[in-house]
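Chains here go by letter, A, B and C, matching the order in which they are written, and residues are numbered from 1 within each.
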Amino acid sequence: MFRFRLDGSSGVPPYLQLVHQVRQSLLLGYLREGDQLPTVKDVASDLTINPNTVVKAYRQLEHEGLAGGRPGQGTFITGILTQSPHDASAALRLSLEQWFRDAERAGLSEDTVTALIAVVRHDMRKEKIG
Amino acid sequence: MIWVTWRQHRTQAAACFAIICVVAVLAVTLGLWMRTAFSDDGLPACLARSGGADCQGKIAGFVHKFTSATQLISVPLLAIPGFLGAITGPLLLGRELEQGTWRMAWSQTVPRTRWLTTKLVLVTGGLVIFGAAISALVSWYQAPLDQVSTRLQLSTYVTGGLVFTCSLLCAFGIGVLTGLLLRNTIGAMVVAYISWEIVGTPGILLSGPLHIPGPATMRLPCRDGCPGASAGSVLPATGHFGDQVLSVTRSGAQLIVSYLPAGRFWTLQFIAGGLYLLVGAAAVACAVWLLHRRTT
Amino acid sequence: MTEVQALRAEGLGKRYGHIWGLRDCTFTIPAGSVVGLVGPNGAGKTTMLALTVGLLAPTEGHVEVFGEPSRAHTAGTLARVSYLAQDHPMYGSFTVADMLHLGASMNPAWDRPLAEQRVDTLGIPLKRKIKALSGGQQAQVALTMALAKRAPLMVLDEPVASLDPIARLDFMRDIMAAAADKAITVIIASHVISELERLCDWLLVLTEGRLQLAGPIDDLRAGHRLLTVPRQTADADLPGTVIARDDSDRHSTVLVAADPPPQHPQWVVEPVSFEQLVLAYLRRRSAPDLVPAQKAAIG
């Protein structure tokens, strides 16, 4: 059975983390259509979180058409993510390499680059919560 | 709830049962021995024939033989109401408050009135059974001796009849109250025992064989120059076993006998028993009121 | 749609002698919530919970559980709440089996298989006396009794205060499982804020006997913002209510209760974390110069 993880320090709300993990697993092929997700009770107990958080995550997945509940049986994967992971990351990798070259040309040190990445990531996360 | 009360007082119940067994063994042994000696000495026949006047010597011998033996059992029994009451009382409610377990007990599904009533009724009932058993055993083995001496002396007065059980319940009531007055259970037991000694002992003395109501008087004609009849003779001056003669004085040609009639035994038992029960009940009522105050 | 109200308090107050342990508390908790009751030691958490359960009588106001006053003390009202007191009192001379028997004897709706299975899973010997168990095991036995009562409202007063981290986790695991299972309502009093964030969806903040904050956590967070403003900005110029303000040389960080979220070209507007929110309200009445590092003293 699929198992969730929780990163307490990431700043991302727990229910979103659960949704992301399902999306990621679908992309990477760990989850397929028809697979059953663990029950609300099992997740709440396993991760020691409020069951309503899990309910929220499952509802979000239902809203995105990725999962659905079958009464009396549980929650199952109903959809797939159409975007091919391989194409997307190949394109992103190229643009990342380009960006590093640009940064080097602009005279940014490695430490500055690392700090910049951390700041932007932090700010973008905050945007998502707000 | 019944099981819970039983489980909480299981040790005391076992101790009481052990005491009854010990007393029973001693009582049966002593009682059978006394009955054998009683009939061997021919006392039943003598009593039937002359009311004891003919066999005073044998009676004296019988009484002398067995008085100390019976007192070996009955004197230790005098201490039991105080001890047992002082131990059981604080354990009923005081310990629950001391250890905070009332918070657990009162958040189960049993309403607190039923909780309290069950505890009180069961423990009181157990004490009544214990007291009745002891009193019955004592009365049984005492029976031969009672036929030729008075029941109005302290040791028999307190252990036979109702007084034993009622004084036990009184001490218990006092213990329940001290358990609520003092925060410490052991301390409450000590205070309960001391309080019992203060309340109970005068109670016994006052309503017992000594004072209330006053002694009766009998005037007897002097015969043959009024020999012999003294306060200490085996057959009481009143001519009736069971009476306790207090004094015999000579007045002209008459003997004035001051005595406590045998029939007064049960009157006194009821008075003393009733007073003890009243004090005990009042103590428990105070305790319940205090319980309400301390837990609100 | 009428929501079932698990717990309703109105103007609830309790006075001990001349001191008010709790004053003027009003809140309504919907069924199925997991409520965190936060406050420093001595704030009145135990008093509030004892009033909820009916162990104390209110000096003023009233409190109802599923529509019935807590002080009714009938078997019906008692069956609906299970209570775990702070020091988990039990009869020390009883064995674990005896305590479970007590539960069965005093609660008609007792779930015997659940109780026995739980004790077995936790590896607690049935024949051992309560006083011979470790603190963690005692807490678990007490929780087992609270769970096996099958009451729709569970009231837990600092249940994990004396437990090691592993025992704590096991404890909370079972409570979350119970909350998921039967849609029971749980109230957990604690002064450890960090744990409550992921366990609770409803919040009560109590300081010095007064309720500072009450409501669903998501709504509360949505109704507050953390503003970074120029130092000279006055409180009056800020939207909503200023809850907490921290001034440095050039700028100030202000936590405001404002709905809708404020906007201003010169301000940075950020969402408030659960911990920031709770700490701000906890500090509201006490010394204003308490710095964030001191949260360890509260936590």
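Annotations
Keep this in mind: a residue touches a chain if its C-beta (ideal position, glycine included) is under 8 Å from a C-beta of that chain, and two chains touch if they have at least 3 such contacts.
Since the model is a prediction, treat every value here as computed from it, not as a measurement.
With centres defined by CA atoms alone, the chain at the far end from chain B is A. Distance from each chain's C-alpha mean to the overall C-alpha mean is smallest for C. Separating the centre of chain B from that of chain C, both taken as means of CA atoms, is a distance of 56 Å. Between chain A and chain B the centroid-to-centroid distance comes to 83 Å (mean Cα coordinates, whole Å).
Separating the centre of chain A from that of chain C, both taken as means of CA atoms, is a distance of 31 Å.
The set of chain B residues touching two or more other chains is empty.
Of all residues in chain C, those touching chain B in their complex are 50, 53, 55-57, 73-75, 78-79, 81-83, 85, 87, 89-92, 94, 98, 101-103, 105-109, 142, 149. Interface of chain C with chain A (complex): residues 32, 34, 169, 172-174, 176-177, 179-181, 198-201, 261, 269-271, 273. Residue ranges of chain B in contact with chain C, taken from their complex: 1-4, 7-8, 99-101, 103-113, 295-296. Within the complex formed with chain C, the chain A residues making contact are 6, 8, 11, 14, 39-41, 44-54, 126, 129-130.
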